[in-house]
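Next come two complexes built around subunit A: one with subunit B, the other with subunit C.
After this line comes the complex of A and B, so read on.
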């Protein structure tokens, strides 16, 4: 079978090629995700069997079940999927930009920056609606990304310096967050703490739509720019030779990546703060599955990230039921050994 | 007034506060700072890596995780029990980070070592977070300890940890000469007739003793072990017979200053001293990286 399916449109003059293998992988991952979601929706204090879940989703069946499924449980699992997907795309872009397999929003402190800004807003500006949180988190993430980029700049920036300085900045942000938590009003602090655990517990449709809109703006941008990412991956000189305006492209990509971290963090909290590793793991899994880095990888990474978080949520709910462990903690418990494995694998790099 | 509490104790509230609250706090801060400073200096000499320190390389987190795990599984025991588990956790993480950081053809690089430490820190803290979510009672008992704190420790607790700290510090000072040789590089040390395996083993044991006992009494306090050795080296040169005592004194000073800041920066409420040390130490970490991390 030919791996590439090339699609050419006469009107408008547009052509692109589809990686059939990536499409197949995405379909498989999608089915897996859907399966896990159905199980996840069925579980809880009011258990519902999978067929009943599907019936409730389609709008038929028992009224109580419909309420439990549609109002309480579906938004939660969908938010988990979006959060994972957003972090995964963000991580893929960062790893390509830094040309370092270990660069991830969680590691280089961008998540910590988003967290810091959001906690500041929650603690010190008491009368806010949740709709402003993504913007605060975005501002925090951008600010931190800029600071890291500037500090890492010394006759050009290198991947390893970016990562190390990110770790330092992350520590500062973490310390300031603790400071804010110690000083703030106890009621607000409790709110911030709950948010900080990185959980999709009790997410509503309102939050889902908010996140969906946010991702709908920036994910297409990521896909449009992914071609440039492949060019930049070849190194600055080659990219310049190929006609890429590298500083401009790099800035745009960084902005997209930061936005894709900020949205999920704002809605679900910093998943597994300080290191959630979804943005670290998913890109590697995607490259492993598709075999090389291209735009198909981005989509596979998004699916993989979504699946990781939906699965983490399920495990967190089942492991010590009825007590729930935030999905972020589960993702981190899986992600840290994976990072250690990556370290071991890249020991000769 | 403060002096009088010891020379002419009259049982007044002021004197009681000085004797039972403030003095233990200062003593704990001083000794924890000294231990962390010396532990950091030994680690930096041993790994020939200017970024090495108990906090960055995950040793504090490993010790803390062990302590939390023990409290969760067996309920609250005495500090005497904790401290052995703190040592165990510190020892295991030290070995794992060392092995991960030095695997591969290029040997130990600062990036690999730091990332291995970050990964282990993340692993331990996520498991710890899981335990704390499961068990609110544990959370309540150790919440402030987790931030790294030197307050609320009475002298009895401190005296339990003190022997380990003293043994660690004294043997570190005695080992100063060998550590100086080792800091020149393993091959040179071997060429000079040192049995590097033994020295390394003893040095790691000392680090585990110092870091483990600090964590047991004060919780994970980061960045003291990172910044202090650099200042000590700039004052005392490269001879670790002098660097180690300097690191001990400077560590004590840094932690006392940080504790003062922690008490008064948002007076009357307090912040954990670990936050203060991070605020002071992390910029220093960034400065080190910008300056270039190749040389020690």
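After this line comes the complex of A and C, so read on.
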């Protein structure tokens, strides 16, 4: 059976198709995410029951609860969702471009590049507003992506070569970070180290809006380019034969992917680095759920990535309560075994 | 009628010249097979005809316009290329793959027009893949998978279809199925087919026009009946052979002579068979 929902308009001339299964999965993931968010918001030193959380969200109910929910806890969980969603879309693009399931931003050094630049800013340029952090992280990630592109992609490249070169460059970036941490002022280094664990603890509305604007530019770009990505997934020759300007389109997609890693990393730190977590796992989950590495995967991966991070934030908070474990640590604890599982399962990565 | 030809074409990989100053005109509306030994430049030539390889010199002309001056999308609406052993990502269904063939016809807001849908269905019917349309590619046999790729190229709706060794890695039954399908597409819809084939006998049977290549040069071209001779096979493949008439198709059939397994030479083919019994 054809499971495509076709939408066509004559005025303006418009037509596209949606994978019905993907639409259903997105709806389910959205509901799950909302549920986990409500639980997450309710937890803490000042516990609030889920019905009260919903009341507070709607602007009714107790004033203290409203303040705790709306000002303190909602931005945190929303930031977690955005971070997860951004990383997931970034990973889906990279894995598609490289045609390799290991090509996650955390693994091929994109996160490491963003991390390096951000740590440099935090350690050495102390008097700086957080608004510059996404741009520094973006610059770092772009620099790494450019080096990888030149070394691995210029002559047409295999996915495994890209992954290996990426791991090498990530290691270099990490070495420089270690050097910076050893040389820097102790107060700044502590700040950088905390940031490097990756956490959404204490995120404010300011950071939420910052990230939202950033993602609002690059996520639509990713979706607009999803047709191009699908064609590139068939290999360079087929893509070129179908009329894709592969260098240009790959460049645009790479840029989008890098931006979608840089923004989240700038706000929440290099979550899951260097094992790969959301950017590695969410695309795989999307493929499992939709049954296909094709239509709808971008959106499903975004929802799955958001859910994963909101969930790991929740787990980090309840696991050793009242001590909070940053979601970055949870990410690493899950990401590393998953990476080993991936390597074990696939003989030809 | 659309035309495709190469003019003083020179092709190289890195610094190694593979083809130097080649002239070739593809007969429109016919099936052309490129044959030759491994490394004779036949796949290289096909890739250049499909603008996958940029020439060092000369040009490929599609309707008298050099394809490297056209937009790649414009070329894709007139010329489809199926490279050797293409691969699709995990889980992609036959229908999704075939729909990719519509890519050069789609625009930002027109992603799935009525035409797109119809052409995909037609391509599925033409390749008799309708029943398997919703199966993921990796669950199909090699022959079915190759037919799915051909269906994708069909959905592209091009006057020219170029295929690089479409029968490689297929068993004999699937080889015949794929070649019969291409023959039908040519006969029924008048598409010009250009393919690289390994098997000279299959090429002789299924192609109207043969182009024999050796070391990047066209040694001979013409209908199989005209050009396939013992001398040509010696020059192109460097082997001794006997040419007999294919008892099924009536086309030339090349029977190679190796160093072993040969009975005494007899002018009469039937006598040879008798000799074998002895």
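The rule is short, and it goes like this: the second predicted complex is superposed on the first by the 340 of 349 C-alpha atoms of A that agree within 3 Å, B and C clash if a C-alpha of one lies under 4 Å from a C-alpha of the other, contacts with A are read in each partner's own complex, and residues count from 1 in each chain.
To be clear about the criterion, a contact is a pair of C-beta atoms (placed from the backbone, for glycine too) under 8 Å apart; a residue touches a chain by one contact, two chains touch by 3 or more.
No experiment lies behind these values; they were computed from the predicted model shown.
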Since both structures carry subunit A, what do subunit B and subunit C do when superposed there: clash or fit? fit
In the superposed arrangement, which partner chain does A:99 touch: subunit B (first), subunit C (second), both, or neither? second
Geometry row: CA centre of subunit A as apex, subunit B and subunit C as ends, angle in degrees (steps of 10) is 90
Using the superposition on chain A described above, determine whether A:234 touches subunit B (first), subunit C (second), both, or neither. second
Please indicate which partner A:333 is in contact with in the superposed arrangement: first for subunit B, second for subunit C, both, or neither. first
Touch check for A:245: first (subunit B), second (subunit C), both, or neither? second
Between subunit B (first) and subunit C (second), which does A:151 come into contact with in this model arrangement: first, second, both, or neither? first
In the overlaid three-chain picture, which partner chain does A:174 touch, first (subunit B) or second (subunit C), both, or neither? first
Can you give the closest approach of subunit B to subunit C, taken over C-alpha atoms and in whole Å, for the superposition? 17
Subunit A contact set shared between subunit B and subunit C covers none
Mind pulling up the subunit A residues that touch subunit B in the complex? 102, 107, 151, 154, 160-161, 163-165, 167-169, 171-172, 174-176, 178-179, 182-183, 197, 272, 274-275, 277, 320, 323-326, 329-330, 332-333, 335-337, 339-340, 343-344, 347-348
Quick check: in the complex, which residue numbers of subunit C touch subunit A? 47, 50-52, 71-77, 80-83, 86-93, 95-97, 100-101, 103-104, 106, 108-114, 116-117, 133-134, 136, 156
Provide the residue numbers of subunit B that touch subunit A in the complex, in ascending order. 51, 100, 103-106, 110-112, 114-116, 118-120, 122-123, 125-127, 129-130, 133-134, 147, 222-223, 265-266, 269-272, 275-276, 278-279, 281-283, 285-286, 289-290, 293
Quick one: which bits of subunit A touch subunit C in the complex? Just the residue numbers, please. 1-4, 6, 8, 12-17, 96, 99, 224, 227, 230-231, 233-235, 237-238, 240-245, 287, 290-295
